[in-house]
Amino acid sequence: MRIKVINGNTFVPMTENIGEVARSVAASGTEVVHATPKAGPISIESFYDEYLAIPYILESIIEDEANFDAFVIACWGDPGIEAAREITRKPVVGIAEASMYVANMLGAKFGVVTVLDRAHNLIEHTVNKVGLMPRCASIQCTSLSVIETEELRDHACLVLEGAGRKAIAEGAEVLALGCAGMSGLDIMLEQRLGVPVVDSVAAAIKMAEALVALGKTTSKIKTFARPEPKEIRGYPAHMQSSTFPE
Amino acid sequence: MRIKVINGNTFVPMTENIGEVARSVAASGTEVVHATPKAGPISIESFYDEYLAIPYILESIIEDEANFDAFVIACWGDPGIEAAREITRKPVVGIAEASMYVANMLGAKFGVVTVLDRAHNLIEHTVNKVGLMPRCASIQCTSLSVIETEELRDHACLVLEGAGRKAIAEGAEVLALGCAGMSGLDIMLEQRLGVPVVDSVAAAIKMAEALVALGKTTSKIKTFARPEPKEIRGYPAHMQSSTFPE
Amino acid sequence: MRIKVINGNTFVPMTENIGEVARSVAASGTEVVHATPKAGPISIESFYDEYLAIPYILESIIEDEANFDAFVIACWGDPGIEAAREITRKPVVGIAEASMYVANMLGAKFGVVTVLDRAHNLIEHTVNKVGLMPRCASIQCTSLSVIETEELRDHACLVLEGAGRKAIAEGAEVLALGCAGMSGLDIMLEQRLGVPVVDSVAAAIKMAEALVALGKTTSKIKTFARPEPKEIRGYPAHMQSSTFPE
Amino acid sequence: MRIKVINGNTFVPMTENIGEVARSVAASGTEVVHATPKAGPISIESFYDEYLAIPYILESIIEDEANFDAFVIACWGDPGIEAAREITRKPVVGIAEASMYVANMLGAKFGVVTVLDRAHNLIEHTVNKVGLMPRCASIQCTSLSVIETEELRDHACLVLEGAGRKAIAEGAEVLALGCAGMSGLDIMLEQRLGVPVVDSVAAAIKMAEALVALGKTTSKIKTFARPEPKEIRGYPAHMQSSTFPE
Amino acid sequence: MRIKVINGNTFVPMTENIGEVARSVAASGTEVVHATPKAGPISIESFYDEYLAIPYILESIIEDEANFDAFVIACWGDPGIEAAREITRKPVVGIAEASMYVANMLGAKFGVVTVLDRAHNLIEHTVNKVGLMPRCASIQCTSLSVIETEELRDHACLVLEGAGRKAIAEGAEVLALGCAGMSGLDIMLEQRLGVPVVDSVAAAIKMAEALVALGKTTSKIKTFARPEPKEIRGYPAHMQSSTFPE
Amino acid sequence: MRIKVINGNTFVPMTENIGEVARSVAASGTEVVHATPKAGPISIESFYDEYLAIPYILESIIEDEANFDAFVIACWGDPGIEAAREITRKPVVGIAEASMYVANMLGAKFGVVTVLDRAHNLIEHTVNKVGLMPRCASIQCTSLSVIETEELRDHACLVLEGAGRKAIAEGAEVLALGCAGMSGLDIMLEQRLGVPVVDSVAAAIKMAEALVALGKTTSKIKTFARPEPKEIRGYPAHMQSSTFPE
């Protein structure tokens, strides 16, 4: 089984961390390839960042559609995932949804700890998109930028510990790490906080493996049907919807 | 007062219709300029279309940020509107939200009539984004493509009449036209259906005028603060967030 | 265009302030007439006050139904607005709904700052009636009576500043002034709080102008159809539903 | 124990039916007095009717506040009930809420069968006010006017049977009769439909008896505190809030 | 009228307190019999406790189905109530639902004060099951075990007073005592807190009396129909569904 | 890795089918053991059945707590799952939740097809418990008993095909098989319906494997903490909570 895990941003050290964590949990028969989009912001913290990143995340799926069994979008807004499901039948998993499903099986209510305060509504929007707001007890934003989660690991861990305590005080019994850059910090946080902490990238790899093993593919009857073939001006030939598989 | 109304897609006849309707309702002191994004799909019917359109919708705002008092995004998913509000303080209005506010003042429950069945979840997502699902009685998709709403006016009107009757049967007392391409069909549909029908482009122009007249600008304290300056690879200089106004 | 703006209570200095603010934002071709109901409480702070005020608010519309193009109900519970929409086809706008639509276009979540603590459920009920609870981050009541908002402007401003800070701490990015008596305080509060503050009366005037300019009238197919003609004992001839326009 | 049951409208035959049903279920020690408001519409079918009825429903409580142990408002919108709870500490029960509590104890989901189609949103608003929408499977309006429920009993029963079947098809397992005029039709409908049918007036009498027997009175700390004393122009002395008990 | 009130747990002093409170509010013609299940946990604080208690609560109904007019389940999770409604047509009332209906008639929002923090989600689940979450302002757990509510009355009262103040601060205007063991503490708490406090056992007795007096029985058309006859291994003959009344 | 999959009922042929399906999707290193509870109903179709089944489902976990890495409860109400999570730290997965997570990754809205009409509220309750009602488009009950799903496979398939078409018409894009007895019918239904159909038992095995591979265990800080040690009368020694692992 081959899974392509795509970093949402273009910060290469983060892609490498994502790849490392992904491979550390992949089953023996799973080959995980990590990828950085060809263009886009070096971190995703605003809606602007997210929207500029999406075309290149989608391109990363399109150009490898035939070469993998499943795709993982490694950014905690699951950016572009609805479109990703339109352009291929193969399973596409977002790290946000995956982390929420795993968290939902471990505690009565979950919390999300994440980056800058400005992302609060983006995170809330993501929980609503997945549909699990009834089980979400707390969303805790912090002072951390995405880059800092990657480059200042000790500092990030300390800040997330504080955010975790706040989430627990608001009713969370399990935490999801709300940024791909936090991958790998779960164990240390579990030890400090005494609750399960879900590494979102790791969770997504297991969800993707599950879908492939079950032989399931994306529904093509309505929302995620192949986009109608049409001219898409200014985009390269391989991104024209007429070239996509039915 | 100068308002730039931006078609979400790149189908020029639709842009012209949008401009015409917009000018027909604009106040005497309002100058409306219509615009087609430099690139993107010729119609927006899928999430894929929408996500590829957004960077160019945003670019259309960025390059004219200093030249207008408000911006209208003329596509019934209000594509990219959160990002648009990040990149300027000036009011940005989506035709979806505007049509729902107007409809909400005219009936106890509103309905939306729109294009292809595949767009149902996209439309539902838009109503939820605006927050007015508690007042939405019905979303009716049809067999119409976006292009057909523009090129086959009589046919479109007939199909929308049928969709309107279904929405009314489900409790709608007023209808919003859920596609910019339907602009100008409101009067004919009102005559046939006996309920108010809201032209979404027209509604948005009046909302934009209202915001400018009230002297209000977008909140910059959290979600819609200027995006953090950072490298955005592969995008031109004027789209780098470091160049945006605070 | 002629708009009648009706104070919900019978406190004449408040009606005059409402009229002044309304005229200050009205378009050049709009004539705004302000009115005090013939009877009713001098302020609306309880459900009791509200229910005793409503028949006279409605009478103020009935007696001028033919003379105006639109009506604004200037009290932040939008008292009697459903009935107002039954007794005329002409647009009726409530200041609560108008302020929420405007706020919704300026921030990701809005807050309401208002009068006495006892009004909390009345305000919450109003937000639910409009349908925008999913976008409301905070309702902040204060120690202010309605009369004080009018007569102790500096004190009111100070108290509202404190309430605004609490609303912002709970996630509001834009504020609606939840009482007609607060009209005119928006600019000062914006300067102190750094977020947009919506003057509800001003917002309603622009919404009413928009509806008239769009040529839209209230739906008459179901909820807001003309009340069935019947005897209404104890009410004057002009308030008998048999005398209303179809 | 003395309970005053107040018809919402001024149609005396309906008041008498209400009184008869109320007495038929009252406990042996309960004295039930039925009352028609001094003024107001002869039936309540629109918001306009409801708002004109409320001041006189409240007056009926005010003038007898000292003489009864509890009050029942016998109209299925529970008109003015929040205000009624402000003006007395004694329990006030609405027939809508009472019927929903009883129905909720008899089936997994309840339905409401009621009068004219135009009342649909008013009924929905009432269910939301009580808070039980999560358990409401269906609201079925009919061609029946309020007066017809009283004067054309056989016809009303036939129409309600049809409405009941529709509600059952939509998931209702128990029905509430959504108009005081339908009081007394429950048994016949139960026999025809095979599900429990709740007479709303009867239910309210038992709820009022329960509250009195439990010695409970309305909370006076916030929403239902006595209205602030103030001038209420045009209303008689006994309706001035300064005269109400603390 | 005969009502059987069944303690959810097997702690006999608590059953006796329940019986005492129940009889103190019962009408003169009502005979209340209190009962302890034959087996099960001595207190219900976890889901595990609750699930082990349910078969014996149900047995207590089954073995006396013919001998009573109504049944009350006296534990604030209303454990097994859906099944109880399947095995008899006679009314079954849970103390949780009853206390919420009563509270809902006394204040604009209610709060629940209850035992251990671990029960928070169980209590929340109960409020959702009844359907009244829209009216619930606060759920306050404490350090109290179920047994302590019974054996350390003064301490329990003090702890509940603190919890009540927190609930009031969060918007509750009336409180429900969220454990049968708290029965009898309502008056003292009312005096200390100044808001109505609902004794859940007392409330349930009055609701059961009401249902019997109204002559209503549980709907048998769908959810609460008699369980399909089938072999239930390991359970005694009288618990086999084939022996239940239609 | 060792997973124990526990049939909710005591119908042995169904347990064997469950075991077979479970093993067919298990990873190479996973040992799956299937088990039938020692007692309980031979099928679960009512709340009564479910509540009598739960103690024995829990016992099946308790007696093997030390011998497995994870447990799967194979009945589509996830009966007793909250209690199961209290009595062990090891992951417990319900087939209902697992099938919904998988379905949620394959379509914009999912539907559930299941057994007898009486189960509708039980199924709805389960979707709410998991938290995914916002993504559930349809619940379709049928004439099938649980036993028939197992013994009349062709008939069951035909009936489920019809139910699936109804769910699709109501907006479902992917289906979850809402009964463990339907395990193995997914492929045939996919071929007939053209949408992905999720075998709930298969989904749960993959979710359990994922949790074990991720090294995650149930949160023990609040809701799912070990039940307080106490006497549980009438239950055997190994079911006393004092014997459970911390």
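Lettered A, B, C, D, E and F in written order, each chain numbered from 1.
As a working rule, a residue touches a chain if its C-beta (ideal position, glycine included) is under 8 Å from a C-beta of that chain, and two chains touch if they have at least 3 such contacts.
If you're wondering where the values come from, they're calculated on a predicted model, not measured in any experiment.
Participant: Identify the chains in contact with chain E as well as chain F, in label order.
Facilitator: Expected: A, D.
Participant: Quick one: how far do you have to rotate chain A to sit on chain D, C-alpha fit, nearest 5 degrees?
Facilitator: The rotation relating chain A to chain D comes to 180 degrees.
Participant: Name the chain whose C-alpha centroid is farthest from the C-alpha centroid of chain A.
Facilitator: D
Participant: If you average the CA atoms of chain B and of chain E, how far apart do the two points sit, in angstrom?
Facilitator: The mean C-alpha positions of chain B and chain E differ by 52 Å.
Participant: Between chain C and chain D, what distance separates the C-alpha centroids? Give it in angstrom.
Facilitator: Distance between chain centres: 29 Å.
Participant: Suppose each chain is reduced to the average of its Cα coordinates; what separation in Å results between chain D and chain F?
Facilitator: 44
Participant: For chain D, jot down the residues that touch at least 2 other chains.
Facilitator: 82, 108-109, 120-121, 128, 222-223
Participant: Quick one: which chain pairs are touching?
Facilitator: So, checking each combination of chains, I get A-B, A-C, A-E, A-F, B-C, B-D, B-F, C-D, C-E, D-E, D-F, E-F as the touching pairs.
Participant: Once bound in the complex, which stretches of chain F touch chain D?
Facilitator: 120-121
Participant: Across the complex, what residues on chain F touch chain B?
Facilitator: Its residues touching chain B are 108-109, 171.
Participant: Taking the touch rule as given, give the residues of chain D at its contact with chain E in the complex, in rising order.
Facilitator: Within the complex, chain D touches chain E at residues 25, 27, 82, 91-93, 97, 101-102, 104-109, 128, 130-135, 168, 173-174, 194-196, 198-199, 202-203, 206-207, 209-211, 213-214, 216-219, 221-224.
Participant: Please give the residue numbers of chain F that touch chain E in the complex, ascending.
Facilitator: 10, 38-43, 45-52, 54-56, 58, 80, 82-83, 86-87, 116-118, 120-122, 125, 128-129, 145, 222-223, 225, 227-228, 230-235, 239, 241
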